[in-house]
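For reference, the structure discussed in these notes is given below.
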Amino acid sequence: MYFLKNDYSEGAHPAVMAALERTNLEATVGYGLDPYCAAAAEAIRRRFACPGADVHFLVGGTQTNFTAISAFLRPWEAVVAASTAHIAVHESGAIEATGHKVYVLPTPDGKLTPALIREAVMAHRTGTEEHMVLPRMVYLSESTELGTVYTLDELTAIRGVCRELGLYLYLDGARLSCALTCGSCGIEPEDLPRLCDAFYIGGTKNGLLFGEALVIVREEFKPYFRNCLKQRGAMLAKGRLLGVQFQAAMEDDLWLRLGEHANRMAAGLREGIRAAGWSFLADSPTNQIFPIFPQTMVDRLAADFAFEEFDALPGGMRAIRLVTSWATTEETVSAFLAALRG
Amino acid sequence: MYFLKNDYSEGAHPAVMAALERTNLEATVGYGLDPYCAAAAEAIRRRFACPGADVHFLVGGTQTNFTAISAFLRPWEAVVAASTAHIAVHESGAIEATGHKVYVLPTPDGKLTPALIREAVMAHRTGTEEHMVLPRMVYLSESTELGTVYTLDELTAIRGVCRELGLYLYLDGARLSCALTCGSCGIEPEDLPRLCDAFYIGGTKNGLLFGEALVIVREEFKPYFRNCLKQRGAMLAKGRLLGVQFQAAMEDDLWLRLGEHANRMAAGLREGIRAAGWSFLADSPTNQIFPIFPQTMVDRLAADFAFEEFDALPGGMRAIRLVTSWATTEETVSAFLAALRG
Amino acid sequence: MYFLKNDYSEGAHPAVMAALERTNLEATVGYGLDPYCAAAAEAIRRRFACPGADVHFLVGGTQTNFTAISAFLRPWEAVVAASTAHIAVHESGAIEATGHKVYVLPTPDGKLTPALIREAVMAHRTGTEEHMVLPRMVYLSESTELGTVYTLDELTAIRGVCRELGLYLYLDGARLSCALTCGSCGIEPEDLPRLCDAFYIGGTKNGLLFGEALVIVREEFKPYFRNCLKQRGAMLAKGRLLGVQFQAAMEDDLWLRLGEHANRMAAGLREGIRAAGWSFLADSPTNQIFPIFPQTMVDRLAADFAFEEFDALPGGMRAIRLVTSWATTEETVSAFLAALRG
Amino acid sequence: MYFLKNDYSEGAHPAVMAALERTNLEATVGYGLDPYCAAAAEAIRRRFACPGADVHFLVGGTQTNFTAISAFLRPWEAVVAASTAHIAVHESGAIEATGHKVYVLPTPDGKLTPALIREAVMAHRTGTEEHMVLPRMVYLSESTELGTVYTLDELTAIRGVCRELGLYLYLDGARLSCALTCGSCGIEPEDLPRLCDAFYIGGTKNGLLFGEALVIVREEFKPYFRNCLKQRGAMLAKGRLLGVQFQAAMEDDLWLRLGEHANRMAAGLREGIRAAGWSFLADSPTNQIFPIFPQTMVDRLAADFAFEEFDALPGGMRAIRLVTSWATTEETVSAFLAALRG
């Protein structure tokens, strides 16, 4: 069975695993107060050019999202997200469980726009706003759940509308590495602290055993965040596991090279599929692609390849999701394209 | 200034006020355990033909909605509502503040349909439902926020889809009286306990100083609900105020006659406006109507009439909301129609 | 049956009821934006010498407490209260339901002290405070649930420790009128805004049908509080009912005179009971007293008097709670004392 | 520096680490649906003699506690715990953040008793229970935060009072291995499913990189728990990391042998300290001990040994906490005892 089901099917990249082994029997203080976390945080601050930012290490994406959003918002404030957003669909109501509405905007490509954001805010400035939540934060995924990316211009424009309307900008970077290295994004790491109030750098989907690095730029979000970590079960006892892994990931930009690899494998699939005459549900330059095949072909492919089925489409067609990762091999790409040809 | 702004501009209907005065100096136990609440609950059980139902008296609609919904749902369950629903728009995120997602379905007329409900459920049966909330309750308003009503057939069909899909049915009857007496609804009081798991009979918008009567039909929703009342600030110390008022309202079906009056006043407005050649945003048979006028005329009318402005429409047109109540007079209707004629 | 069970057994004081009747058929805007609420708020600001304070009118005490506390605290912050405090015992976990811990301090007389408050804070400064909540608010009841009062000196000292330790001071004045007029308190209305960050003036237990006036002094607590009111079901549709009642209560200091009356009736009971040789559970100068009788006498008294039984004590003795109100008559006092004599 | 600060200072036991390495590059499905989790769950069900139990793997203790407790309780229900309980003190209000009160009972030794539990319940059966939370769950730690243990008789007696009073019994086994192997406990693994409604087997403090295995025995707690996992950020993407580790831990009862080792190291310290004439704060037979030394000696020891300082005691004395683990060496024990002798 070849795995194209997601980017967290394997364990850790060997360099990350080696770092864990090397440090395994060292004794350190717990809860992320160890030297490895300090060094990893410093490496991130340097790479992202944000010397004053707070960096916290959490275990997973849903945990990072709800811990951060619930810490940053006040009870009457809501977060605005695309209808495909992870927080809107696939976190089992985690944000609402902390008391906050996710105000959802339908988008064809998983991307918010300044116009959509403005529309969301204006829908809450109708003269009855005392009876409504206050949209206060914009949530973006980079890359999005449909594999698309915000370009530097697009992100800059969204930042502009956030500033104008008094909104925080929070960026979910579960697949940030793939976005930054996809060739059509144009965002550099150092752009993010300038444009976002907080964002996280995904590790789980980019070669770590687990782990996300939350970067808090906005001053007022910083105090007592560690108490929030604890309250939400997000303060890992052996916190240094996160520091060790992120330190390894930051070294020589390994994190970016892993994303590049995943993108390259996805590009191989995309080009082969397109050359074979098939089309796609969304125009994704990153490691998630959504080709459309006849259901019969999908059923046949499923015998040898693990992937997710997406929407059923008219005429017996079916969109599927193929995900590549740092661990995907050329062999898998070739095998899939061969299977496609029958 | 003539008031067509809402159905809670005045105090209480004189009969209700008289009952409060008559009982004012009596001493009773608090918290709704008094004889007046017992008698009012019994009158409701009789009128709605639900001898085994629990009846609780709360102060307002938002309070009733979030107290009931948060008591009935488990943490992983969500409520499905029309995009215009009170709980979705005008309760400042009250449901989410108790931890539950409101899954919103866009509708042109404020009404859910079996097809929409089925679609909502199916969107959560995609193979990733462990990562999603479970839609478990359908929330309906009768009449709706756009003045429209569910007919008996429609409500019966929704009950059917709820039964098939394992959903609870909760009906917000803030304006139930106007719905039942509008002539195109066909629902009798005794239909509601048969079709709903819980519903409330609105008092605030129907001639009481304040108060809603929540009727709990479903057995498993009953235990410990009074602890929930207390926890949500919904257990009125002088609870008998609610019993006294609802007893007065139930007497000789005063509650229905008040709705009839409001509907009749709205019908007068509706027919006059239509006769004058204007159209409406929605086709409402109840006490909220939404005529469309040129903005210039709206501005002129606003000098003498209090009402809410709705959506701006193309061509300088504006929909407004006119609301009648038990307290609206023929004189107000005539004055509005006269003003319309210029 | 004579009622000494609580101070909300009757409806409203006649002057309050008359004001409601007089204004019953007027039409006003809803949600507390009417002229009556404005006038009542202004009267309160004047009487309490706090021209810059925000005044909000809510329906009940539990609602006021959890709406205010959850609006003022951040997710990692806790409120400190006496073990007998209403929020700790008799609000069915309302504060916790909004996500906040109530840190409870045992006290013999229902009163916190600077030493207890300091101890609570120090218990959270142990080197592991990132794993703990942050005590951030002190909750006091004035008078307390045991009928005792904080004197001006005591309240000033608590304010001092709050300032020193960075704590907010919130005062639950459900029975504020009885406290201020009991003769051994020494606090004037104008002291409260100077000493508290927020407090509420109880109406439900002081002659109104219902209603509490929350006074917010601290600047940072003010924005968006009305959204919180709505979210918590605390924004009454016919909000003017609260304004009308508080306006009547503030007129000629009626609110204080009602408290004085209740205190005077309690004093009559207290002196008679003491003269008859009985002792008390707590030394209360206000309208709640806690005499200790043999259980057999308690059983006999219960035939004609409604009251609450408190703790069973050694030797077959039982403390009971007698509560007087604006509506308690001399006749009730005499009857009780006569019954006591057998 | 010798580490006696906690039992999670190092990474994983070599056998656990080897299992992670061995499986690192395998591809599996995510979210705990992989064969390793299935096998580990089966091993646990076998070892604990609970073939029908559900086993879920979570990352940490706080996360396990609040995910389980909030899933099991209804909004009006509270959990009863010792005043030293982890959920009461060191989880930053995590339980309250999910809406539930932790009702705290002071205990000298960290252990609840049937009498204390009964007292807690009776304090909520006073005639005003509709105004109170309902104590519904008992939370025990085995071993406790003070290193003490419940014996089989004690746990059986607590189970009895829980059954009598309608309470659930939940056992936090963060240090379960040390409890079961300490020699004075008498509980076997197979006793736990018989006596508890749910419990967790700690991995983080017992040689895993991280991980806790929650065993749900009670039927009604089982449905939709995986949605709760997701909602609380407790569903690890690479869930198989937990399965792999617990499989290794269950093999040949490694988990028990690790606890035995920790206990043996603690016994060495305890006996040496006692032999040197010092006393202890609590009488602990497990891997946490609390000797009392003069502060001057504590300061001197702190130069070479990492440990936590506990309460300051009269006469310049200080209790400290020494924690041993699977990784503690005889050398560390000897070094500490040598340092003690000066």
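Letters A, B, C and D mark the chains as written, and numbering starts fresh at 1 in each.
Going forward, a residue touches a chain if its C-beta (ideal position, glycine included) is under 8 Å from a C-beta of that chain, and two chains touch if they have at least 3 such contacts.
These numbers were taken from a predicted model, which means no experiment stands behind them.
Colleague: When I count C-beta pairs in contact, which pair ends up with more: C-D or B-C?
Modeller: Of C-D and B-C, it is B-C that has more C-beta pairs in contact.
Colleague: Since chain A and chain B are copies that touch, just let me know if over half of their interface numbering is common to both, same, or not, different.
Modeller: Both copies, chain A as well as chain B, present the same residues to each other, with over half of the numbers appearing on both sides.
Colleague: Taking the mean of the C-alpha atoms as each chain's centre, how many Å separate chain A from chain C?
Modeller: 50
Colleague: Could you please state the distance in Å, as a whole number, between where the Cα atoms of chain C are centred and where those of chain D are centred?
Modeller: Averaging C-alpha atoms per chain gives centres 41 Å apart.
Colleague: Starting from the mean Cα coordinates of chain B and chain C, work out the distance between those two points in Å.
Modeller: 33
Colleague: Of all residues in chain D, which are in touch with two or more distinct other chains?
Modeller: Chain D, residues with two or more chain partners: 75-76, 90-93, 97-99, 130-133, 227-228, 230-231, 235.
Colleague: Any idea which chain C residues touch chain D in the complex?
Modeller: Its residues touching chain D are 75-76, 78, 89-93, 96-102, 104, 127-128, 130-133, 308-309.
Colleague: Spell out the residues on chain D that touch chain B in their complex, using ranges where they run on.
Modeller: Touching chain B: residues 31, 70-71, 74-76, 98-99, 129-134, 224, 226-228, 230-231, 235 of chain D.
Colleague: Spell out the part of chain D that touches chain A in their complex, as residue ranges.
Modeller: Residue list for chain D touching chain A: 1, 3, 5-6, 8-12, 14, 17, 20-21, 23-30, 59-64, 66-67, 90-94, 97-98, 204-205, 209-210, 227-228, 230-238, 241, 306, 327.
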